[in-house]
Amino acid sequence: MNKPSALVFSAHAADFVWRCGGAIALHQTRGYEVTIICLSYGERGESAKLWKKGKTALAEVKSIRKSEAEKAASELGAHDIIFMDLGDYPLEANKKSKYKIVEILREVQPGFILSHSKYDPYNTDHMYTTELVLETRMIAQAWGHNPGEKILGAPQLYLFEPHQTEQMGWVPNVFLDVTEVWDKKRKAIECMEGQVHLWNYYTNVAENRANHFRRNSGGQAGGREAKYAEGFQAVFPRCVDEL
Amino acid sequence: MNKPSALVFSAHAADFVWRCGGAIALHQTRGYEVTIICLSYGERGESAKLWKKGKTALAEVKSIRKSEAEKAASELGAHDIIFMDLGDYPLEANKKSKYKIVEILREVQPGFILSHSKYDPYNTDHMYTTELVLETRMIAQAWGHNPGEKILGAPQLYLFEPHQTEQMGWVPNVFLDVTEVWDKKRKAIECMEGQVHLWNYYTNVAENRANHFRRNSGGQAGGREAKYAEGFQAVFPRCVDEL
Amino acid sequence: MNKPSALVFSAHAADFVWRCGGAIALHQTRGYEVTIICLSYGERGESAKLWKKGKTALAEVKSIRKSEAEKAASELGAHDIIFMDLGDYPLEANKKSKYKIVEILREVQPGFILSHSKYDPYNTDHMYTTELVLETRMIAQAWGHNPGEKILGAPQLYLFEPHQTEQMGWVPNVFLDVTEVWDKKRKAIECMEGQVHLWNYYTNVAENRANHFRRNSGGQAGGREAKYAEGFQAVFPRCVDEL
Amino acid sequence: MNKPSALVFSAHAADFVWRCGGAIALHQTRGYEVTIICLSYGERGESAKLWKKGKTALAEVKSIRKSEAEKAASELGAHDIIFMDLGDYPLEANKKSKYKIVEILREVQPGFILSHSKYDPYNTDHMYTTELVLETRMIAQAWGHNPGEKILGAPQLYLFEPHQTEQMGWVPNVFLDVTEVWDKKRKAIECMEGQVHLWNYYTNVAENRANHFRRNSGGQAGGREAKYAEGFQAVFPRCVDEL
Amino acid sequence: MNKPSALVFSAHAADFVWRCGGAIALHQTRGYEVTIICLSYGERGESAKLWKKGKTALAEVKSIRKSEAEKAASELGAHDIIFMDLGDYPLEANKKSKYKIVEILREVQPGFILSHSKYDPYNTDHMYTTELVLETRMIAQAWGHNPGEKILGAPQLYLFEPHQTEQMGWVPNVFLDVTEVWDKKRKAIECMEGQVHLWNYYTNVAENRANHFRRNSGGQAGGREAKYAEGFQAVFPRCVDEL
Amino acid sequence: MNKPSALVFSAHAADFVWRCGGAIALHQTRGYEVTIICLSYGERGESAKLWKKGKTALAEVKSIRKSEAEKAASELGAHDIIFMDLGDYPLEANKKSKYKIVEILREVQPGFILSHSKYDPYNTDHMYTTELVLETRMIAQAWGHNPGEKILGAPQLYLFEPHQTEQMGWVPNVFLDVTEVWDKKRKAIECMEGQVHLWNYYTNVAENRANHFRRNSGGQAGGREAKYAEGFQAVFPRCVDEL
C-alpha cells in the first residue's frame, strides 16, 4: 500500500523552512512522504547578503541557494525537493510550467497541500504562488486533462504562516505541535546562512505559537504542554465523522 | 472513567432540532452524553401556528413547545434537556441566569459546545445567545469564580447552520456525515408540529450538505458517499498532532 | 384602502433631515404617509451652539431642538413626528420604551424602515439605534407578543447615509433621485439653526450622490439627469418578479 | 422599438442552467431577449461521466456538451446561445476574444448581465469569467474603442448562485420568483445527462430559495407564495425613484 | 503650559504592562503624563496562580494584584494609576461608573487613548472595555453633559496588541520603537509574578515587532535598527500637513 | 543633499489631478520633488467629449490629453511628468514596461508613492495599476535585479480617493489639509476641459474632506480650520517614535 503524502509549495528557496519546516519533519516522522516544490531559488529578491558581496553572477546565486535548500530539506528528512526555476521578483509560470505542476500533483497524490497566504502586498510572488496552486489543483482534478491519468482528489490546502501575518489577512485555524521535531527545524533554519536575521525571529514565532496551542487545547485548565508549534489556515471545509 | 460530553445552546425550543439534530444523535451513538439547554420555549416568536388558533395562553404555548422539544430530544437520544425559560422576542439573561449557565458548563464539562451564528439581523435572540455563550464560557474558565469548583477547559465552539446562511456571515468549515442517524433526526423534526413548513426545508439542507461533504472529501475522484450531512463553523483554532 | 407608509428612526432630533429628508419628502409626494421617530432631542451631544451660549437649561435645549425638528418635518411634509425623549449621549431604551416602539411599528405597518448605519465609532447612539430597530422589528413580528394585534410583515430596512461613510463600513446599494423635492429638503436643512456648518456639507453630498445616480443609471452612455440624490444601504434581500 | 435584453455569461456549458435557468425562462416570458455566452464547453473539467467511458476524443466531448447546452437553452426559450470555445481548466481569453465579447455586449445592449461569483477557490475559471465581464463591460463603455459604434450603458451585473455559496463569499441581495417557469428549468436541467447528481441538488436549492422569498416578502405575516426561486447578488447600486 | 498627556484603559490589572508598557514608558520619557485606568484587578480570571494556592479570599487577591500593578506602573514611570474595581469575568460598568470615566477623560484631556481590540471571543471583558471607551469618549465630547466643564477633543484611539492577534481581527497600522525603554518594560513585566509564563512570550513579541519596524522603515535597503517595538491599530483617521 | 521626493501613479492622464492634485502641489511647496507617471493618456475611456465630436483620430486624442495633463502638472508645480503610453481600456504592461517602472522607482527613490484603490469594479485599469505598483515596488527592492543599482527602500503606498469610494472598499486613514494650495488644484482641475462635469464634484469632495479633517483634529472642541482636504488610505504600517 502507498504511503500517505503531502506537497509543499515554496515560492522561493527558503520559504518552506521558516513557514512549515516543522510540519514537513513531523509528517515524515509519521510515515508521510513530503515533497517540496521550490518555484524559484529566490535568487533576486531574497539573496541580499550574496549580492551585497558584489560581482556575484545569477547562476552562482541560484546554485548557492539551491544547495542551502537541499541541505535544509535533508535536515527535515523531506522525501523529495523539486526546483522549477521559474524566476523571482517576479515569479512567472507559463502554460508548460503549469502543466508540469499538474503532473507533479497527480504523481504525488498529496493528502494535503501547503502554500502561501492568499494576500501579500509586500511580496506579490507569494500570492501568485497560491493562485497557481488553486489553478493547478483544479486542472489536476479534471477527467479531461490528459485522460487516462489518475486524477487528483480534493486535498486540503493549508496556508502556512506569512511574515507580518496581520497585514496578509491570514488567520490560523489549526495549530500543529512540532516540539518533537524542533531540533530538525532549527537545524534546517541554520542552513539559511544568507538570512541569519530570521533565525531568532522564527524561533520566537514557534515558541509563541506553542503558547497558542496550550491555550486552545485547555487554557487555564491545563492545555497540552507544547513547546514549539506552527499555525496554518485551512482553506476548504473538513469532512468528519465526529466533531 | 467519564464519558465524553457536549453542550448545545438552543435559543428557542426547536432550534436544536433543525440545526444540529444529527450531531446530537450521532455523538450519542458514539458514546457522548449530549446535553441541550433551551434558553426559551420560543413561545412568542416561533409558535405562530398556536397563536393563530386564538385564545391561547402563554403558559399553554410554553407547555406545548416544551413537550415537543422533549419528544424531539428523546428521538435524538439526547442525554438531557434543560429549560431556562428566559423569555423570547426578546430573550434576556440576568446575572443569576448567567451564573446558572456557568454552573451547567462546569458540571457538563463539554468537549465541545454548539450554538447560533454570531450575526442574525432577522433574529436578535440568536446572536444574543452566542454572546451569552462566549461570556459564560469565559466565566466558567476563571479560577476565581466560585473557587474550588472544577473550572472549564477550552472547548471548541461550533456555530450550527442558521436560516439564510449568507445573510448571517456564517461560513461552514466542518461538514459532519449524519447519514447513519438521519432517521432519528427526521423523526425529531416531525415532532415540531407547529413548523411543518420547515420539515422539507431542512431535509433539503441535509441532502445538499451531503453533496458538499462528497465534494470536499474527494470530489470527482470519488468522495465519501454521505447522503445527509450538517455544516458547522468552528470559532477557535484546532490543536492537532497531524494535519 | 390604506395608504402606503414608511417609518424613519432618528437617534437625535436632526438626523432625519440630513440623512433622508429627500426620501421623506419624495414619498409623501408619492402618496406615502411617512412617520418620524426621534429617539432623543440630541439635547446633550448635538446642540453645542446652544450650550456655548451658557446658562442654558436642559429643558430649554430640548424644547428648542424639538421645535426645529417639527419645523423641518413640516417642511418635508411628513405625516407625523414622534418624540421618545430617551436621552442622548448615551441614548438608552428600557423594556417599556422598546414595547412602545413595537406598538408604533404595528400601528404604522411601514412598507419600509429607515435608520442609522450598523457601525459608528464616533457616535455609539447611532449604532445603538439600529440595534433597537432590529430587536423591535423582530418583536413586532411575533404572533405571541400582545396576541390579537396585527403583526408586522417583513419591511425592508434601509440604512441612510452616516457622516464619514467609509469609517462606518456603510456601502450604499440604492440611490434615490430627490431632485424634485430638493427645495423642501434644503428648507428643512435651514431649520437646523444650530448646525449651520452642515448645510453646505449635505448639499455637497446630495450633488455628488446625483453624480453617482447618473453613472449607475447610464454612465457615459447618458445616465438619468438627477441633480440631487440620496444613498441607502438595504439590509435585507429584495423579492422581485423581474431583475 | 427594441425589446429589452439580457446577457448571461456561462464559464462552462451547463452553468447557465443550474444557476439562472429560471431567470432566463422568466425574462423570455416577459418579453426580453436573453442571449447566453458559453465561454467553454466544460469539456475537460465538467464532463467526467463522458471521459470515464474511456476512449473519448476532445472534439466529441465538446460536441456532446454543446448539444446538451443547446437543448437546455431551447427548453428555456433563450433568444440565442453563443459558444466561444475558449477552453476550460483553465479557461483563457486573449485580446481578440475579449474584443469579440465587447462586440457582443454592444450588439446585445443588455439591460442586465448575469455571471459567476467573484471568488471561487474550487474553480478558478468561474472567478476569471467575472473578471472578464468587468473588463469587457468597461471597454464596451469607452467612446474611444471602435469609435462610431453604439457604446454600452451601465447594465447591472448580477452574480448568480455558485456551488457552496458560503465558501465563495457570495451573498444574495435579490430573490426572483421563478415558480411559473419552473417546469422549463427542470426540463433544461434534465438535458444535462452527464451531471445527474446535480438534478436533485438544484431542485432543493430552488425550493429553499423560495422559502427565503416568502420570508423576505412577508415572513410570518404571510409572504408571497413562491414555490421555486433563484438568488442573485447585484454588484452595482440601483437607481430608483421610490424605495 | 500643560504637559501633553495620554490615557490607557486596562481591563484587568496587568493588561497595560504586556500590551503597551513600552508606549507608557517612552511617552513619559518624552514629557507626557500617562494615566492608567485599571477597570478591574483581574481578580477572578487572571489570577489563577493565586487561586490555585487555595483558601485565598477575593479581597486578598485584589490587594495582591493591585500591588503588582502599582509596582509595574512605577517601573514604567507612569504619571498615575487609577483602579475602578468594576469586577471581572464579567467586567460591568453602570451609569455612575461611566460618568466617572467621562470625568477622568475630561480631567486628563489625553492627546491619545490606548485600549483593547474591538473583538475577542476568548475574553469578552476586553471587547467590552473598548465599547466603554467609545461610549465615554462620545459623552465626554458633549457640550450638554455637565455644561461648563471643558469638553474632550477628538483624541486618537489606539488599540494595543491582544493575545492571538489574528483571532481578534486586529491589524497594527503603527509600530513604535521602544528600544530605549525596553529595560523598564521588562522590569514591569517581572512585577507580574502570577503570570511568569507570559514573560518570555511578550519579550518574543517585542523582538518580532522590532523586525516589522525595520522592514517597514526600510527593508532590505536598511531599515531603522529597532530592537524592541510595539504595534498599535489606530481607529480614527490621522490629520496631517505632510504625508 | 537630495531633496525628498514622491511618485504618483495615474492610470489615465487626469486621475492625478482629481485624486491627489493637492498633495502634489503641497509637497512641492514643502520642498519635495514630485514625479507623476501617467500609464496611459486615458485616450479611449475617459475622452468621451473628444470622441463625441466625431472624426477624431487616436493620435490626436492622445495629444490633446497629454497637453491637458502637462498643463495641469505645471499648475501644480510638479517636478516631472512621465507618459508611459501603455494604452487604456484595457491598460496593459509587458515585462519591458514593468522594468521601466522599476527603473523610475529607483531613480526617483520616493519617500512615498500614490496610486489607485485596490478594488474598482467600474474600472479595472485602476486596480491593475495598483497591482503593478506592488509588483514593481517589490522588484525595485531586490538586490538581485540589476545588481549594482541603488535599491528601493520601503516607501509608504497611499491609495488616493477613487470615485464612489464605498463601492471600492476604500477607507481613508489620513486626511491632508490642502487649503493653502487649493487655488493651484482648482486651476489644474480647470485644465481638464473634457471633463467639466467633474469640476464641481471634486470641489465638493475637497470641501467635505475638510469637514472630516476638522472633526478628526478636534471635533466640537474646535478642530483645525481646514477648508479643503484630501483623503488617503495608507497600505503599510507606519514606523514612529511617538504616537
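Read from first to last, the chains carry the letters A, B, C, D, E and F; within each, the first residue is number 1.
The rule is simple: a contact is a pair of C-beta atoms (placed from the backbone, for glycine too) under 8 Å apart; a residue touches a chain by one contact, two chains touch by 3 or more.
None of the values given here were measured: they were computed from a predicted structure.
Steps from subunit B to subunit F, taking the shortest chain of touch contacts, total 2.
Common neighbours of subunit A and subunit C under the contact definition above: B, D, E, F.
More than half of the contact pairs of A-F, counted by residue number, reappear in one of A-B, C-D or B-C; that pair is B-C.
Chain centres were defined as the mean of their Cα atoms; on that basis the chain farthest from subunit F turns out to be B.
With centres computed as the average of Cα coordinates, no chain lies farther from subunit D than E. Where subunit B touches subunit C, under half of the residue numbers in use are shared by the two copies, so each contributes mostly different positions.
Mean C-alpha position of subunit C lies 37 Å from that of subunit E.
Among the residues of subunit B, those in touch with two or more other chains are 48, 122, 141-143, 167, 172, 212, 215, 220, 236-237. Every pair of chains meeting the touch criterion is listed here: A-B, A-D, A-E, A-F, B-C, B-D, B-E, C-D, C-E, C-F, D-F, E-F.
Touching subunit B in their complex are the following residues of subunit D: 48, 122, 163-167, 170-172, 197, 200-201, 204-205, 207-208, 211-212, 215, 220.
Of all residues in subunit C, only 43-45, 47-48, 51-52, 54, 56, 58, 61, 88-90, 121-125, 167 touch subunit E in the complex they form. Residues of subunit E touching subunit F in their complex: 6, 23, 26-27, 30, 112, 141-143, 151-154, 156, 158, 172-177, 212-213, 215-224, 226, 231-232, 234, 236-243.
Subunit A contributes residues 98, 131, 134-135, 138-139, 141-145, 147-148, 157, 235-237 to its touches with subunit D in the complex.
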